[in-house]
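Shared chain: subunit A. Partners: subunit B in the first complex, subunit C in the second.
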Partner chain A sequence: MDPITGMIGIIIGGIIVGICVHFIPASAVGAMSASTGIATGPSMLSTGCGLAGLYAAGYMIGESLPLVVLSGAMGSALMIICTMLLANTICAFGTGVAPVAGSYDKDPITGWRQKPFMSPGTDGHSMPTTTALSGIIGALLGGAGGSLVFVSVYEMISPILESTTAVTIAGMVGAGVFLINCVIPAYVLVGKSEGMTDKKMKLMHKTFVSCLIVSVITAVFVYASVVVI
Partner chain B sequence: MTTQPSEPPVEKKEIPNYKLYLLAVITGIISYFIAALNPNLSFISIILIWPAFIAAAGCVEFLCRYGLGTGTSSIGYWGTACGATVVFASQFIETTAYSPFLEIAIATLLGYAAGFCANKIIKMKIPRIELNSAIIAGSTGIIALIILEIFAGGAGMAGTTVYYIYPVMYIGIALTILHPYNGNLGAGENQTRTLMLAMCEAALLTSLFGFIGILLPNTPFIPALGMLIISIIGFVIFVSIWWKRVKEEVYDVVWAGYPEGVDH
Partner chain C sequence: MEPVTLTLMIGVGLAGAIAFIAGIIEDAESDAGSSSNPNSQVQLAPQIGHIITYYDKAIAGEPPQNGLWAAAACTIALLLSWRFADLGMGQYYAIFFAAVAGAAVTALVQGCLGIFAHISRITSMAAFKQPLYWHALLTPLPYSMGLCFLTALLLTLLSFVASGILGNSFAPPLIALFMGITLGSIASGTGDIHYGAERLYQHLPFGSGIAISNQGDIDLKGEYGFRNSVDTPYFCMRFGGTITALAFGLLIFLDGWSRLFTFAGPWTSIILEAAIIAVLFIFLNRLEKYTRDSYGPYPGQEDA
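Then we have the complex of A and B:
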């Protein structure tokens, strides 16, 4: 991969990371089963997925680009599937509430009614089918975006550094780009999102532009560090 | 006999964060050149990076007053991501001729751009978020750069071999700048006390890095030992000052329990 392509890869990866956060169902009040989503901020959950994805991508480094990106996406998705499964289990058998969403009356996939099972005074609890699917899509995107950044940085620096060093540094830079881009959407989501059925999905263009600007600066600096300076 | 009404306590004026940052940049640059020119004087460099922790923690405290759309942890990690990522990426630069100016400038610019996007594009309407996120990013960049410079024994970022401690550095710096706000009383908290807790945590973190530096085989022993000793001394001093600040606004604790002679 030539450095220009690597720079473009960092920019595209950064934007995908920003977009993925919109799909992740998370809410801090989910800890009290007062809202749909996993009980933490969308940014922190996305970070967890993304870092799991980077680990998975790291095992495939040296293979072709699609394989590494796919590995990262699968690692990230696996992480969120496990998290959602356990969160739903705890809510169902520990708290005693059914997985329901506040943003739709009937689940678009299963057609199951939501409102009759919602506890009074809450916006839903845990993750029903569509919300869970949204989380998986978000994690796939996040893992793929993070892995793309990771591979791009790795390919740029591997000619000048030995392989193990390059993997470590590319991983840290990839994690840094991931963190920068996944916190920006938190300002759009205001700490709570139900995933792709949430009304805040309409604000995705703001995330897109913000992540584009920030990713361009980061990518240009990495490119300049490796090639120009 | 009449009693004079006691005068209301004078509200202390807060130190603007940009002044703290200017101090952090000046001391940071001096600190970098001390570590680069004579690694054995790195204990002085460590003292000079503590203002960067204060500037960053002050900005987290300022931004969190406005009820961010994200949590305190996110703003801390975000700022650290901007600063530390720039420093880690600067390892690819073959010459150290531009250090530390290039890293500080780019980190500050990246922080400013991220804050600008949050305010102008996403329309968060948080006063001075651009300036404060720039300060957090710049400060964390200064901290990461100088700690790595000390570990490199004055060889510059290009000569650092301790890339495997980057995750520890990343998490440690982020926690140190984001925790003082939550570690005190949160919103409306006394700025001086928050910043003093930041000093305590900064000294604790640098003592941890000193300890790590002693244990690692490829880091210079004397600078790491100096870092550890000066940080422990600083930690003891800052904790005692912070503890006094905590007690200033604490109510008396009075005995209201069981009568004497009753088992309890």
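Then we have the complex of A and C:
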């Protein structure tokens, strides 16, 4: 992969990583079963699932680009579905509540009504079917974006470095992109998101622009370190 | 059976088992230190007049904190294992003893962080007449450090298994960072619900989320005397911790398991993981149906 293509890969991957956070349902108040979503901040949850995707992509490095990217996406989606299924289990048997969304009254997929099952004084709890599907889409995007950054950096630096060193540096850049680009949407989401049914999806263009700027800086930095230095 | 496949199978089983135990311990560690999302309730309590005896070391999010412990322990372990190997120790002994040393250093650092974090957290509540009780700090501190030691040790061993046996291309400290942050997110997203929505509010009726108006009104009495943070994992480990462990153990085990087969070449693991995700999604939908049918709508809200 030539450095310019690698740079474009880093920029596209970085933007996808930022966008993915909008799809992942998460809310810190969810820890008290007082809000729909996985019971932690959207940024850190997206980072966690993206890094699980990077770990999965680490098994595939050296294969073709689609394989590495898809492997990362699947690893990430596997993490989020395990987390959502078991979080719903805790809500069902640990606190005794059914999954309920606050952002819609009828589930678009199952058609089940939400409001009657919402405990009084709360804004929903755990993840009903549509919200969970949104989480899977977000994780697929995040894992794919992170893996694209990872493989782009790896392809850029592998001609000038030993293979194991190149993998490690590419992994660190991939993890760094998650820690930066997943935090940027926090300014839009302000600690809570119900995924693709949330009204905050309309603010995605702000995330897009800010992640574009940050990703360009990251890509230029990596390009400079590979080509210029 | 091919010896390579057998080794991989043993590696996948070992990684899954280590991940499962690490999940239980990590969730207990975060519960003992109130170091995740329910810490907001612990901090709210003095503001509504409750004097608390919880240990509160929440000055960093659970995922990065846990990632730091794991990465630090694994880095020390990797460097020490090279040194031990140079001294003539066998490879596996070197890794194990180095992992113990790395985890011990991390536990000491966590203890230092815990002391200062708790003191600063509690003194910031002085305006609400919250005293700094030494027993609230000194009783759970060694317990929390012990749990941190075990988490760091297990994640270090998991990283060496993933790198050495399963063939992940990343260096062990980087895998430890990934696993630490991932486990922190999973524990924060699953196990904490049992702590935040149930353990802290056992005086409220079972079968409801915690209404915003009740937040901060946490339990102050334990099984005997005032509740401290040693009591929390005693309760949460039995369900919240085990479910957290199942989530992380399933992730590591299923991810490794999908790589044991080769029927579609390198695409095999992707096809299998997609199938697993679809099956788990169906389970999630059936669980939703089951809970709706079992619990029914809230009284008075049937027509809401």
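Keep this in mind: the second predicted complex is superposed on the first by the 229 of 229 C-alpha atoms of A that agree within 3 Å, B and C clash if a C-alpha of one lies under 4 Å from a C-alpha of the other, contacts with A are read in each partner's own complex, and residues count from 1 in each chain.
Everything that follows uses one rule, which is that a contact is a pair of C-beta atoms (placed from the backbone, for glycine too) under 8 Å apart; a residue touches a chain by one contact, two chains touch by 3 or more.
As the structure is a computational prediction, the values presented were derived from the model and not from experiment.
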Contacts of A:Val69 with subunit B and subunit C, given as first, second, both or neither: neither
Which of subunit B and subunit C A:Ile15 touches, first, second, both or neither: neither
Partner chain in contact with A:Met172 - subunit B first, subunit C second, else both or neither: both
Touched partner set for A:Ile137, first subunit B, second subunit C, both or neither: neither
Partner chain in contact with A:Leu189 - subunit B first, subunit C second, else both or neither: first
Which superposed partner A:Met7 touches (first subunit B, second subunit C, both, neither): neither
Which of subunit B and subunit C A:Val151 touches, first, second, both or neither: neither
Winner by number of subunit A residues touched, once subunit B and subunit C are compared: C
Which of subunit B and subunit C A:Val222 touches, first, second, both or neither: first
Subunit B versus subunit C as contact partner of A:Val97, first or second or both or neither: second
Set intersection of subunit A contacts, subunit C complex versus subunit B complex: 28, 41, 44, 47, 168, 172, 175
Residues of subunit A touching subunit C in the complex: 26, 28-34, 38-41, 44-45, 47-49, 51-52, 54-56, 58-63, 67, 70-71, 74-75, 77-79, 81-99, 110, 112, 115-122, 125, 127-129, 132-133, 136, 164, 167-168, 171-172, 175
Subunit B partner contacts - residues on subunit A that touch it in the complex: 28, 41, 43-44, 47, 157, 160-161, 165, 168-169, 172-173, 175-177, 179-180, 183-184, 186-191, 203, 206-207, 209-210, 213-214, 217-218, 221-222, 225-226, 229
Partner subunit A, residues of subunit C touching it in the complex: 36-38, 40-41, 61-64, 162, 166-171, 174-175, 177-179, 181-182, 184-186, 188-198, 200-201, 206-215, 239-240, 243-244, 246-248, 250-251, 254-255, 259, 266-267, 269-270, 273-274, 276-277, 280-281, 283-285, 287-288, 290-292, 295, 297-298, 301-304
Touch list for subunit B against partner subunit A, complex: 68-71, 73-75, 77-78, 80-82, 84-86, 88-95, 98, 102, 106, 109-110, 113-114, 116-118, 121-124, 163-164, 166-167, 170
